[in-house]
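In what follows, chain A forms one complex with chain B and a second complex with chain C.
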Partner chain A sequence: MTVTESKPETVVPDPGITPAQPPLPPEPAKGFAGILGTADHKTVGRLYVGVSLLFLTAFLVTSMLVKAEGMQQDSLQFLNVATIFEVQTLSQIGVVFLGLMPAFLGLALFVVPLQVGSPTIAFPRAAAASFWGWLLGAGLLVASYLGNGGPVGANIEMVKLFFVAFAMVIVSLGLASVCVITTVATARAEGMNLLRVPLFSWSMLVAGSMWLLHSAALLANLLIVSIDTTHGQVLYGDPANRWIQLTWIFAQPAVLCLALPLLGVFGDAAIVATRIRPARYGVSLGAIGAVGALSFGAYAQTAFHPGLITEALFVLQSLAVVLPLLVLLGGIGDSVRRGRLRVTSAFLVSLAGMLLLLGAAVAGGLYAIEPLNLGFTVWGAGVANAATAAAIAGVAAGLFHWGSKIWGHRVAEPIGKLVFLVVLGGGVLYAAGELIAGANGQLPVLPDGSVENLAANAELGALLSTVGCGLLAAGTLLVILAVLPAALRRGPKADADPWGGQTLEWTTSSPPHPANFLDPVPEVRSPSPLLDLREGTSKEIV
Partner chain B sequence: MAGSVVSVAAAPPAPPQRPRTLLVGTALTACTMGFAIFSMVGLYLARRSDVLNTGQKWLPKGAVIPLPQPNMMFVTLLISSVTLAWGAYALRRNDRRNAYVALGLTALLAFAYVVQATYLFSISGMAVDASAGQGVLFWAISGSHLAMVIGGLAFLLLVTLRALFGSYRQSPEGVTAAAVYWSITVGVYAVVWYAVYITK
Partner chain C sequence: MITTGAKFYFGLGFLLLVAAVLYGWTSGGVDWGLFPGHLGDLYFEMLGALTLGYKGAVGDHLGYGLLLGAAASSTTVGSFMVAFRDAEDKPLAEVAGLRTAPPLQRVVSSNVWATISAFAVAVIALGVAISRWFVLAGVVLLVIAALEWTIYAWADRATGDPDLNANLRDKIMNPIEIPLFGAIVAAFIALSISRLFLAIPRLSATWLFLGVAAVIFATAIGLSLLPKVPQAAMGGLLALAAIAVLVIGIVGAVNGAREFHHESEEFTVEGTGGPTELYVYGQVPTTTGASEQHGHSEEKGK
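For the complex of A and B:
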């Protein structure tokens, strides 16, 4: 049996014969064997979330320390300028590929099958393989940096190891994305057409598709750079050129798609918080899709085409992405006005994320306006920082929203209010530091660690950015603190539906049974099937 | 399991029918691989344009890209996509003899493509460390596509063996998935063939 093999289809029974029900799945193995040998999407999702949260915190702390060390380049105490640059590349890769993307994918691997009413994820063994491949790749990636590798390191063997490890991480995350997308595309419950898919599942369908496209282009860059690094280093593999070819993934517009799942988390959390049926659901789905389409950035590789940021397509794309975000926020604002708002941690934290993402999109729009002269300054890094902070808020909000479902015990809700303040404040400072420096014309650090043009108030910008990064690290630590008791099965047990939810994941127990749903999944007639059940609605709503 | 009693009342509901799961997953994977190759082709065209704009020749000294081999490779792939479609059609009609012949023929043609590609690479004389980056791009693109074909060949052999051992009696989803993968592989080659081998 291969990892890609689908389950055998159900045989249509003869009329008059009671359909045979499958037996209960065997009790999953406990302990280490249960973790290593699992193909249960819930266990894989938990593993992804747990490990990626640790990575995220570690790399945010690393980034903060390196920023603090590099604040005054003439009085470095522990590292030299080249090492600072190297560690910064590790932090960027770590936060995105070892922290945020796997955290979202972990959430999706757990939640998406439940949301669409499926007993499992598509390709469960591939999902498990993706986690172990990602973990191995992550370990090798960190090891390559420790051995003076990374994209700009001096040890060429370790540089080669970096390419292999990074590719392994990207392929593994791509595999997990395929599992999630296929689940949404093919394993939906009876009656759930694409216009009735829960917002988080929809956002993961959009995000996963964009991540696959971006991963493919990044893999292409990695392959070319690694071949040239191994054979002659004539152009693409030249140490001065290696990293810059990979940076488009951390830059506008591609970086915005990192935060796409936040839109779904925000939508689902807002529906629960406002306690009313979502209005104009199709518009929300369209807005999420539009943000996804407008965050496509595989073409925007300024290393090969520096003039691109002044071209019409880039400028239009940068300006247009603000609109669907405003549409989504406006729709939720309308629901808040009409509904009875219950301020949950998930809603607050995701709202912080939305504000940060809107800020990133607006700043990105300004970046593309040529007369402002922000192109190629660190203003672009400010846009990326805001989007990164938004994604951190998205992960945090998702854990507050579904944490009790994931672990079966209540997540410490009051900590969420604190996370809202810390992440919002941290995100604003993290972005503002670079935006201020960029507005003053500061250029990014070069691969040898030097800076061509140090702005007059560069130290203030670096200080703000460092404090913001520290606050974001503190925010992720608070999230860990909030979910840890639940993850350790401590504290009060969670109800199946602690929020009065409207989507299918709240019909099953917390944590869900190995088969996900013991009772038949209700037929879906609207985007709010549970609300339909409560209200006894039988008519088609969408 | 012997002796264990399973309560039917407590059993979970039957899983819903899951058509197209393998098909969708395969199509996503193949499209991602194709997009990676398209990205490299984009870099190739951009680099070639830069070099030509400086008045230099694109192909480095001693390198040749002959036409007969790439053309024959394209024809081979096109024929193989027809034979694979034949195999899937035969399986849908439960005509197993035709299915075995078609799938076997497709695998043979895929192997022939690999042989032709290997020969083309051996006579191209393209140095990886050519000064303008031509070698890196050429080998990255052609090597990636060859890897895609070899992956398709492995997939094809797998579904052929499964068909031989009696799978796909109710639905030839596996073979259809292999056909989708193969069609995308052929489509990607069409782009590579034109951008790299024809326009040089």
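For the complex of A and C:
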């Protein structure tokens, strides 16, 4: 046995030593092998964005089919009673978990490390694993539906596959959220305290935290339902009860946190559009944080406690969430008034998203007012639809804002103006249809495909929702059309900073080098480090 | 000092805690009918949600528990934010005794183990629904992927030189990977070829594999005569061979084994004094006319 006789020397670091820059990474492998083995957050982000846009379009189309069936309540046109509920659940899961959340996470995986001045994402291989896990989970999820599974299918093996695949999707997205949160929390450039973090990165920190809190509860729900489904189907696993235990994630208030990254996209796009230093930056950060906190909805599980929607907490929360949204809009409005507004597509589309989100919050507030008798009607679906449309606008705006940085070629900016009109119009109709039907007392479709309490104006509501959903699908296709040439490396090359941006991602080339920043990242002294450099000022702003 | 990140998480935690108490009071934890006549009783009812259920009811357990759990999670994250001062570079450098914090590690080397891990999890997911053999295969794959991932993660940070890091990884893993890979390839070839042997007539098998051996031998001679063989061409040739072996195995397995005619090797055992026992190849010994099928190996052992 070796005995250490003397105490090893403790190396005291020299306070004067400045560590050397780490060597540049090797050139990443190209082709399919390069994609399969990548640990580059930019490639993973692009993969997430590309695939999720395709999923989003596809599931908006299936959602439109479901809505269209409501236009003639006495007969079904495209689906049948056995499948309508299944397609509806698939559309809901598809739009949220295979479309919007991964699209935002893809944007974040690409943009957040650049915004905070980091050469990489935290846990790069975990980020890559999250993408492949999500993609394979999504494939299994869709396969489970095709095999007569889903939450209420007849093939019990495929029902089990649905639960496991859905859990896999949730865990994968949670893993990507952890990578993004950790990057914002631990990989910021010198001088960038959390009060100087760009708004999108901050919104992803808030959104990622809320998504993780929700994911844990949703996974617990899935576990309980799947265990009872496998062992006796006594209560939780009864086909009539399975789906309703999972619906809280698509309902108020949890559904609002789906659109949280929109707040950051809007903030960053507005700063670029107004071309002035953001005022009262801390208030904007606080407002985004407050919207996040007020959208916590894992407790609001009406399947277990139907009376919840009349209780004080739910009502207060539903009403209060409007306030921080107004604060954020007011702050940006003030910047628009003081600045020299340049109407970019990103600003317009994100503004449409903000208006839709505000609409969702207001409609959610009304839902919580008991005397209006909106509880458990499809009014709740209207709130969710408005929030979903807002999130779609957020993804679209993000791609118009950072598309040129992501692909290195310019994104077709004029299409963005059209996207603004289509998404805003689509979102309004998509929500209005359900709100009208809900105001008339229309109840949602039951797991057996039947509809109780057919309300007057329900068919009109379904028509509006169908048109709205179709417009949103068209808007998503337009976004794909706008970014496709850039993604295929066609069209004019983009400059490093096409907008006169104020945050660090605009200091590096478009697309960025594998190491992100070849030159040293400037010390951050305010939320607008590039503006500081241009103005030659180093004064403390915050 | 309470940092910005900690303020967010503490604020969120506090809000969720207040929400939990409020929810506990309003979801059945307190009988509000006691107000205002029985304020003393009301006070004791309100203690339930305030004391995590120790002194009374908390209303809807699920919602109360979730809100409380979320509050605890948020507060814990906030505590980490305080402890690490929002991970700002200046405190970090101070602790490390440096003027500025070391730059972050840049992107790591490319490898497929993250993808394979995801694939392994998908196989497990499929197995949970369909067959436990898939679960087993997925777990084995996941263990291998986890080992490789761990070693890659260590090697990427071993030194500042990516080439040296790659060499270090290879020195550790190659002695494990190469024999294991060889064993897997050998098993794969043996399994595939044996399927073909079992499927085709005995004589045809002899001639076929004489032919195959001749082709391999001729190809090897041909390659040895070439001054230089491109790596891609060699890889392509081996890939084609692997696909051919795989196809052979699948075709053989699908067609099934040919009919086997076992020769009966009947003999008697003498000297027992009792009734004559009949030993038949492939059957356990019984008295005449009551034989019972049994395993091959058991028979051989007798």
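General observations
By definition in this document, the second predicted complex is superposed on the first by the 516 of 542 C-alpha atoms of A that agree within 3 Å, B and C clash if a C-alpha of one lies under 4 Å from a C-alpha of the other, contacts with A are read in each partner's own complex, and residues count from 1 in each chain.
Here, contacts are C-beta pairs under 8 Å (C-beta built on N, C-alpha and C of every residue); 3 or more make two chains touch, one makes a residue touch a chain.
Note that the coordinates shown come from a computational prediction; the quantities given were computed from them, not determined experimentally.
In the superposition on chain A, contact is made by A:Leu213 with both chain B and chain C. Residue contacts after overlaying the shared chain place A:Leu36 against chain C, while chain B stays out of touching range. Once the two complexes are laid over each other on the shared chain, residue contacts for A:Val81 go to neither chain B nor chain C. In the superposition on chain A, contact of A:Phe304 is made with both chain B and chain C. Applying the stated contact rule after C-alpha superposition, one finds that A:Leu460 touches neither chain B nor chain C.
Legend: residue contacts after superposition of the two complexes on their common chain; A:Ala187 is shown touching both chain B and chain C.
Taking chain A as the reference chain, the count of touched residues is higher for C when chain B and chain C are set side by side. Applying the stated contact rule after C-alpha superposition, one finds that A:Pro119 touches each of chain B and chain C. By the touch criterion defined above, A:Glu157 reaches chain C but does not reach chain B. By the touch criterion stated above, A:Val234 is placed in contact with chain B alone, chain C being left untouched. Shared contact residues of chain A with chain B and chain C: 19-25, 118-120, 126, 185-187, 189-190, 213, 216-217, 298-299, 304-305, 515. The residues of chain A lying in touch with chain B in their complex are 2, 4-7, 9-11, 19-25, 117-120, 122-123, 126, 174, 178-179, 181-182, 185-187, 189-190, 212-213, 215-217, 219-221, 223-224, 227-228, 231-232, 234-237, 298-299, 304-305, 513, 515-521. Interface residues of chain B facing chain A in the complex, by the touch rule stated above, are 6-8, 10-22, 24-26, 28-29, 31-33, 35-37, 39-40, 42-43, 46-47, 128-133, 135-137, 139-140, 144, 158, 170-171, 173-174. Within the complex formed with chain C, the residues of chain A that make contact are 12-26, 28-29, 33-34, 36-41, 118-120, 124-126, 128-133, 135-137, 139-140, 144, 157-158, 160-161, 164-165, 167-168, 172, 185-191, 193-195, 205-206, 209, 213, 216-217, 285, 289, 292-293, 296, 298-301, 304-305, 307-308, 311-313, 316-317, 514-515. If you check the complex, the residues on chain C that touch chain A are 3-5, 8-9, 11-12, 15-16, 19-20, 22-23, 25-27, 60, 62-64, 66-67, 69-70, 73-74, 77, 81, 84, 86-90, 96-115, 117-119, 121-122, 125-126, 128-130, 149, 152-153, 160-162.
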